[in-house]
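Have a look at these structures, which come just after this line.
The two complexes that follow have chain A in common; it is paired with chain B in the first and with chain C in the second.
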Partner chain A sequence: MEQNNSLTPFPQGLASPPGAMTPVMPIFSPTMRYNTGLTPQPVQNTNSLSLLEEQQRQQQQQQQQQQAASQQQGVMVGASGQTPQLYHSQVSTTTALPGNTPVHTTPLTPMTPITPATPASESSGILPQLQNIVSTVNLGCKLDLKTIALRARNAEYNPKRFAAVIMRIREPRTTALIFSSGKMVCTGAKSEVQSRLAARKYARVVQKLGFPAKFLDFKIQNMVGSCDVKFPIRLEGLVLTHQQFSSYEPELFPGLIYRMIKPRIVLLIFVSGKVVLTGAKVRAEIYEAFENIYPILKGFRKTT
Partner chain B sequence: MASTSRGDSLPKVQCPNHPDAILVEDYRAGDMICPECGLVVGDRVIDVGSEWRTFTNEKATNDPSRVGDAQNPLLNGGDLSTMISKGTGAASFDEFGNSKYQNRRTMSSADRAMLNAFKEITTMSDRINLPRNIIDRTNNLFKQVYEQKSLKGRSNDAIASACLYIACRQEGVPRTFKEICAVSRISKKEIGRCFKLILKALETSVDLITTGDFMSRFCSNLGLPKQVQIAATYIARKAVELDLVPGRSPISVAAAAIYMASQASAEKKTQKEIGDIAGVADVTIRQSYRLIYPRAADLFPPDFKFDTPVDKLPQL
Partner chain C sequence: MPSSCPECGSSNVVEDDLYSQRQWVCVDCGSVVSEGHLTTTVSDETQGRAVPYHASTEVLKKPCRNLIAGFSRVRALCRILRLSSDMESAVVSLFERAYNHPNFIFVTLTKKEILGGCCVLSVCRQCNWPVAMGTIGYLLGVDNATLGTVYREFTKALNIEISTIGIMDMLESFCYDFKLGPQQVEEVFAEPPQRLVDRTSALIELAADAWIVTGRQPLPLLFAAVYLAWQSLNPTVRMKYTFVKFCKIGKAPEQSWHRSRDSVVKRLKELRDVLCKLGRELPWLRGGTVEPNTVVPLVDDILKNHRALLLRAVRNYEQQLQNESQTAQTTECDNELSDSNRSESHSSTTPELMDPDQAGCENPADKQATDCQLPPDHWSKRHLFLPPCVKNRKRQRVDAPQLEVTGDEEISDSEIESYIRSQDEIEMYLKVQKELKKMA
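Then we have the complex of A and B:
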């Protein structure tokens, strides 16, 4: 699992120096290093469940993108003391497939009325951390849940309660629901790469038990991220101005539920300044949503 | 040609020369006369008033006015169907004591669910003594939601309870979810879900609840005098302004404020009593009270008469 360690997480707490005239830039880009599982890769659909192959493939992709990123460094605008990835070019806020030329200076997406209006300003410097990824995969064959439950370790099966085997592995710490149709749901991973790896491990377990398991249609269904804006927020003010997007009912839930339309993300915003983002299919949506909401939250900062 | 001008959906009778003139009804001849030019616009208009005057004060079972029940055309969709009522007198029963004509079913199946819901709404509102305007607003909301059919799968009772909650909020006299739960068989979770769905379906929004909305009701249920109520309202408002209780539900803050005010006055109420009335757990009141206790001196209104001084307030 060394490829995960080689991915340096984006440094936290990175704020643009106050005087810097940085144009609007989403801090994520299609060529950033974390991006191995980010965009739908043209999956060389190896149905071979070799984990070693999987790791090798991801290392290769990583290397490719490192090369692309090093090309980027020449184009960087003076990044004062910021990490190399943070190049301030105007890229479109939606993700691009990695096959396209990395350096594209497309203009920003126009501010449609459904996007919360954001003034052009510096980025927040805060990166939401992914907490949970839910993915599904089709093993491509019918399974006998009873044999799986009896022979596999860390598997529980209670057909009266739920019609699936619940299996857990320790590395990456995930839980899988395996159904008799051969479909599987994998939850609990902290990154796309880990989710795919975990799903392959489960498929491997099933394969070792004697079923002709394949690895078809791996798809990430939901990603949950969280972060902290580090200041208290006036939720009452926010619900007044953004009525059509927000729902704040202190009797029902202490947080404000903000349903952003573009990208389609649900944010739970709390008085303490903590924000939970969910509903994303790709990592960029979480980042984009946070970049959209951050200026709005700054406007509702509690002054006392 | 005889034409009627009743009902909003029917075309209004107008004088052709003076469309804006309000027609004068001449009941003796059954005419509608234009006051501007004297043209008889509609003749043989059917009088829908009572046939004869009734003077009795007590409600006699048979009302000689044959116009029937006050119709609710807006809510029932203008249904004009009739039904045969239960017979009076001995002749309507056959030999075994059963009524001869039994068919009281097949009224109007489309509106049956709506009528049932209206009945349920009235029952619920009666339990907490809600005025007629809230009931009417609830009925209107239910009708809108029902016609939209976006919440068709949900239990009608749940939708009715949620409409009742929204109507109370819209009229400026919000009831807590727990109060609505107390008069409905639906769980708070389901009412909350339907509430959010209805707001989305009708594309309306409601104002945020404040601590002051509940003060008069909670205090009078506890039997606290007006001075204490005013003090509690002031305390709660100040606590929210000074941001001593961030993230706490306004109900909990109100309950803690009532506790503080009552403990400072002659009428001391326990946390349990307040918790029962407000629908708040007494540990919750304790938590909110701990947050406002340090600034207790600043929170009381300036003209409050202390039965127990601020430093002797209970500290939990």
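Then we have the complex of A and C:
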């Protein structure tokens, strides 16, 4: 029986506190085949910021667990850098402690990668900036758009063109579409909390206009981010090697449209090196998508 | 129901319908005793509705008129583009599928015409037959954007895989479009197509290396490259002919180049600039000036040695950057502290050598850089050849300062009040509206 106490430091050198095992899949029981909620979705890239945050959260929860259960099966995770193609699965070896229930190892599933395989590399060091957040909220009551358009300064309403009031506030600089059913769409904010604050302000304006507005089911529907990799990109090469994800029609649009499957994000990649990422519901998806695409783009950087 | 025949008096009268008209016939003598109405009155009809066209058998027997017209149009397109008969039949069957698809059966006739063009485009792509969207566009008389929207809808609706087509694939058929054979034009203008193709492809490869091709419309670039190639194959005689004259000599169809004339002129300028940058490196010119309007005679030499010239140009540029940074460092010793701070922050983001102070740095290779508003430490200064969209950035993007909010803060009443009209304002607004309505 061996208990491997040596820690595999994560590629960034984030070593877990000594003495603790560094499980990525801490608990195994016959009933639990998959990871607990502690782990993020299969570790494909130990580079994304979201993963850093997750790891920190994990460690905190680990420590709580250590106190709860003294005997755990340690799991050594092969560094994902060793199996670049199969990052969806994890090479896991478990050390069997006596008296423990049999262990399920995750099978090595050589499935076709749904995101292109990337070798473990350093983080790109570039952070995509969020440019636009679209969110919706239900004000919970029917609204009379004519009254709103009449009594609010910042509203425009043209029923022949569009069946909603378009309202704008200065801080945070956003635009809202308010429908007579009481539903509202808020666009233009640069972060999730700004979007929430803006939506609350619109609800407050509607309240002040005399409607019993509430603030129900606030949800972020779409997030758009952009960044610059600072080198020109050979789009023709990229579309040849990643043709199942990319669509490049220079006669229609100068950028390449890359539809990443995991996470489900659409990226617009331009020859100047600028990348626009859209379709995310949470910030982490944008960061993860960029960390996935950056090594691919680096491969198409060509210096003459 | 009559029971006896008036002719022979027998009572053997049976109901024997003739073609769905009810008749009572006497069996013995065969006379018709009585018959039902041929026509029905409104009260008799239980289903008083005409059969619609699409449910009648007419639809199966004869396809709709617009579909037939569409077929002939599509076949005409195939013949213009000289597709093989297999491809033509593939196009026709695809068009039938698309026409009868629920997304397209009710669209306007113009859109159905464009749909025909999309079918041709799709089959050409599948069979690796290089046809540009711009070609189909000018044959149908629509612009790329409209064609593009219909094409995208069409591929999505019919689940067709789009394969991209490169500019080099389109090159050969494009060159053959120009009628410059020895029998068709004068001796000085004539050019065997193969020579033209070779020279043009060399020019386009060079343009691709210099980042002029990626992300751009291919057709204007092809026009520019063919024109320059034609000129360079006999520069002494052909230098004086403009692009428009060249198109007329080569009898290129006017609709194909007329709309993109401005883009062609821009691409010509860019191509000539690239050729100048390389031409300057030719050792036998010994540093003589190379100007865009006189570079065409040198194209032959440049293309023969383009790889070596590219390497030389880039190396010289990097050398220049290094020299300038060194001189800047030695002269700016009083501002060294601020410089070193800045250079540290630069080097943390970029691993390569950066000029610490580029305010006065003039790179002879891109004098245009001072016209646009690139910040002095922009990464593009390090590259000799760059996509023009990076070099010619007209407007600097200013990132608005991020608001530090939590999303759950108190919202001040005064702020919300500022968005609501006062009673006076409302009355004034209503008054003005009434006046406007009276005037209108």
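Basically, the second predicted complex is superposed on the first by the 192 of 304 C-alpha atoms of A that agree within 3 Å, B and C clash if a C-alpha of one lies under 4 Å from a C-alpha of the other, contacts with A are read in each partner's own complex, and residues count from 1 in each chain.
Everything below uses one rule, namely that contacts are C-beta pairs under 8 Å (C-beta built on N, C-alpha and C of every residue); 3 or more make two chains touch, one makes a residue touch a chain.
Just so you know, these numbers come straight off a predicted model, no measurement behind them.
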item: Simultaneous placement of chain C and chain B on chain A, clash or fit; value: clash
item: First (chain B), second (chain C), both or neither touched by A:295; value: neither
item: Partner chain in contact with A:249 - chain B first, chain C second, else both or neither; value: both
item: Partner chain in contact with A:279 - chain B first, chain C second, else both or neither; value: neither
item: First, second, both or neither for A:236, with chain B first and chain C second; value: both
item: Which of chain B and chain C A:140 touches, first, second, both or neither; value: neither
item: Dominant contact partner of chain A by residue count, chain C or chain B; value: C
item: Partner chain in contact with A:201 - chain B first, chain C second, else both or neither; value: second
item: Shared chain A contacts, counted only where both chain B and chain C touch the same residue; value: 232, 236, 239-240, 243, 247-252, 254, 270-272, 304
item: Interface residues, chain A side, partner chain C - complex; value: 125, 129, 150-154, 169, 171-173, 190-197, 200-201, 204-205, 208-209, 230-236, 239-240, 243, 247-255, 270-273, 303-304
item: Interface residues, chain A side, partner chain B - complex; value: 232, 236, 239-240, 243-244, 247-252, 254, 270-272, 302, 304
item: Touching residues (chain side chain C, partner chain A) in the complex; value: 132-134, 144-145, 148, 151-152, 162-164, 166, 208-211, 213-219, 310, 314, 349-350, 379, 383-387, 389-390, 399-400, 402-403, 405-409, 411, 415-421, 425-426, 429-430
item: In the complex, chain B residues that touch chain A; value: 176-177, 192, 195-196, 199, 205, 208-209, 242-243, 246-251
